[in-house]
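This is the structure, below, for whatever I ask next.
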Amino acid sequence: MLHTVNKSPFDKNSLENCLRFARKGHSILLFEDGIYGALKGTRFETLIAEGLKSSTIYVLVPDLEARGMRMDNVIDGVKATDYAGFVDLSAENKTVQAWL
Amino acid sequence: MLHTVNKSPFDKNSLENCLRFARKGHSILLFEDGIYGALKGTRFETLIAEGLKSSTIYVLVPDLEARGMRMDNVIDGVKATDYAGFVDLSAENKTVQAWL
Amino acid sequence: MEDEVIKKFLYVNRKAPYGTIYALESLEVVLIGAAFDQDVSLAFIDDGVYQLKKNQQTSVSSGIGVKDFSKTYRALEGYDVEKLYVDKKSMEERGLSEDDFLVDVQVFDEAQMAELMEQQDVVLSF
Amino acid sequence: MEDEVIKKFLYVNRKAPYGTIYALESLEVVLIGAAFDQDVSLAFIDDGVYQLKKNQQTSVSSGIGVKDFSKTYRALEGYDVEKLYVDKKSMEERGLSEDDFLVDVQVFDEAQMAELMEQQDVVLSF
Amino acid sequence: MKFGILVNEGPYQHQASDSAYQFTKAALEKGHEIYRVFFYHDGVYNASRLTVPPQDDRNIVNRWSDLGKEHNLDMVVCIAAAQRRGLLDENEAKRQGKDANNIAEGFRISGLGQLIEAGIQSERMMVFGD
Amino acid sequence: MKFGILVNEGPYQHQASDSAYQFTKAALEKGHEIYRVFFYHDGVYNASRLTVPPQDDRNIVNRWSDLGKEHNLDMVVCIAAAQRRGLLDENEAKRQGKDANNIAEGFRISGLGQLIEAGIQSERMMVFGD
């Protein structure tokens, strides 16, 4: 299953709740304001580190760069993707759940 | 100063941040989905209890009742008000700050 | 007939009622969707559990000036929409229990809810 | 003249850029407001601090397909809007420092920010 | 006392417009003056005369129009926000080469300066949003 | 693969419509099929032909219209959500006694059943919202 999170973890509880229900082997895509969850040095870094143990986490680079960040700023282990990659992830997984 | 909070503390960080900046003697009005912050027995009960030590906290009863709650469900010390009371509070305080 | 496909639809409700329209318009999708004979489940997570709170009181001419639509949840049974699941943690951290809800629900822990999500074909989030 | 009243206006920015339009449209108010010769301050709190992040990169034809409007913050000085305050805690819990911002700001702790708010006549939140 | 009201969200999706309306009505009932109601961001959609809400629901646009008429309210829709979102009066439609307009009775389209002016002239500025 | 796309927010206020557009475009470029794009909640505003965004900004409505034309997309606006919010086509305007309509080229108004059908017929259903 692919989970998508488009909200900043500081602003809303979407990422936290997504991680509660994501199962081993699931994929999680952080996009729009969700990319802030992928960054090093924030209060939520340990949450993502924990999530990485069981899920594959992706960050949408166009959303990252729009907000003045680069892959250098992203937690190790989080993978880069773009809109084409987002499409691939959606096709590869049987269902997609948006954590609005 | 009157602070208004219209978001559930579970969903957004508005109440938490409002309480960070509210000073002794300020008033805080919880309305719309903000009323959930005024309820007994939730994870945020201690946050409000702390806030009550320095601020006067109000809850808008029409919003409370719309959501199936009554003043019985509200933390002791939080005061009931309605739209007319909301107007009075706004007139009594020199400025009003909405924590959107 | 194309319509003979039966898929598992899950409606995920994570928002409180009245502050935004998502709860109401999600319910409208569920009601229309009931005519399609699919396998439908509703999940209530986070503030979504507040949608089911008993004793909601408002009308166009009183309260907040918005219609109380909570009775519609009671009508779901008549449309054969009977699988309503509430997230245990969301319920408990809000100080709520099953008695607070206006319809019968099943309370699921995280593992059960994750399993439910896993089984779906279509997940609609509101 | 009515316009001779000078009031203290505070714009409170608590939302990230691009995910929603509030940051951009707040800036549009500030620019128009600059013509009114009022005493203007801007506060950046919570995800609002991200509005000032350096090196934002997007355009209508690349990236997320949305115009980069961050350069406008640099233009504020030319409009005599020079009082930009960043909440220290918001900055720090995001792992940011003053070097990350595209304009000069003053970093305020909670007491200073509360004092700033207290002095205002009009607080516009976006 | 003189109030200014800012509405940042459209009708129905968020409660902001409902709350702003209830507040404005209560203020008027108490004898206060409303200097201006300013509709910004998606708030501009509150001024569309093309809405047809269900019979058993409130009609948010008409409610504003009626209150505006009764109390001679100055209800201003921000032109920049309105252009982005497709809210036009007859003049704007002509100027932009559009074949229709959709503004409701009692609203007028004007610039952001009207919001600043409301801040200056009102004794209290109220913000209703998301 | 066959995708269904649900757009829950209007243009500009939230990024949802932008992201949905970028996703849809990328999917088409990869040779996937888009069964339907369904506009719900404030998403119905994406179909207004009266928007006039600033010259240097993207035109969200035209972008959808153009993509729809190029790929013959089925772009459906929910009738119930549209009525509440003032988005009408010629037929609906007549039926509701309104003197104007505002739907853009390439969009059609229909019922919520079209969303369910998109869920049934698509292999993947994507939701973009707030």
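We just call them A, B, C, D, E and F in the order they show up, numbering each chain from 1.
Here is the rule we use: contacts are C-beta pairs under 8 Å (C-beta built on N, C-alpha and C of every residue); 3 or more make two chains touch, one makes a residue touch a chain.
Source: prediction; values computed, not measured.
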{"item": "Minimal step count in the chain contact network, chain A to chain E", "value": "2"}
{"item": "Inter-chain pair with the most contacting C-beta pairs", "value": "E-F"}
{"item": "Listed pair (C-F, D-F or D-E) duplicating the C-E contact set, over half by residue number", "value": "D-F"}
{"item": "For chain E placed onto chain F, the superposition rotation in degrees, Cα atoms, nearest 5", "value": "180"}
{"item": "Centre-to-centre distance between chain D and chain A (centres being mean Cα positions), rounded to whole Å", "value": "27"}
{"item": "Centre-to-centre distance between chain F and chain C (centres being mean Cα positions), rounded to whole Å", "value": "25"}
{"item": "Overlap residues in chain F, where contacts from two or more other chains coincide", "value": "8, 12-13, 15, 19, 22, 41, 57, 80, 125, 127, 129"}
{"item": "Residue list for chain C, restricted to those that touch at least two other chains", "value": "18-21, 46, 64, 66, 121-123, 125-126"}
{"item": "Residues of chain B whose C-beta touches two or more other chains", "value": "6, 10-11, 13, 32-33, 62, 95-96, 98, 100"}
{"item": "Full enumeration of touching chain pairs", "value": "A-B, A-C, A-D, A-F, B-C, B-D, B-E, C-E, C-F, D-E, D-F, E-F"}
{"item": "Footprint of chain D on chain B - complex, ascending", "value": "1, 13, 17, 20-23, 94-100"}
{"item": "Sites on chain E touched by chain D in the complex", "value": "6, 8, 40-41, 80-81, 111-113, 115-117, 119-121, 125, 127, 129"}
{"item": "Chain F-touching residues of chain C, taken from the complex the two chains share", "value": "2-3, 5, 7, 9, 21-22, 25, 28-29, 32-33, 35-36, 38, 121-126"}
{"item": "Residues on chain C engaged by chain A in the complex (per definition of touch)", "value": "12, 14, 45-46, 89, 110, 113-114, 117-118, 120-123, 125-126"}
{"item": "Footprint of chain D on chain A - complex, ascending", "value": "6-8, 10-11, 32-33, 36, 39-43, 45, 62-63, 65-70"}
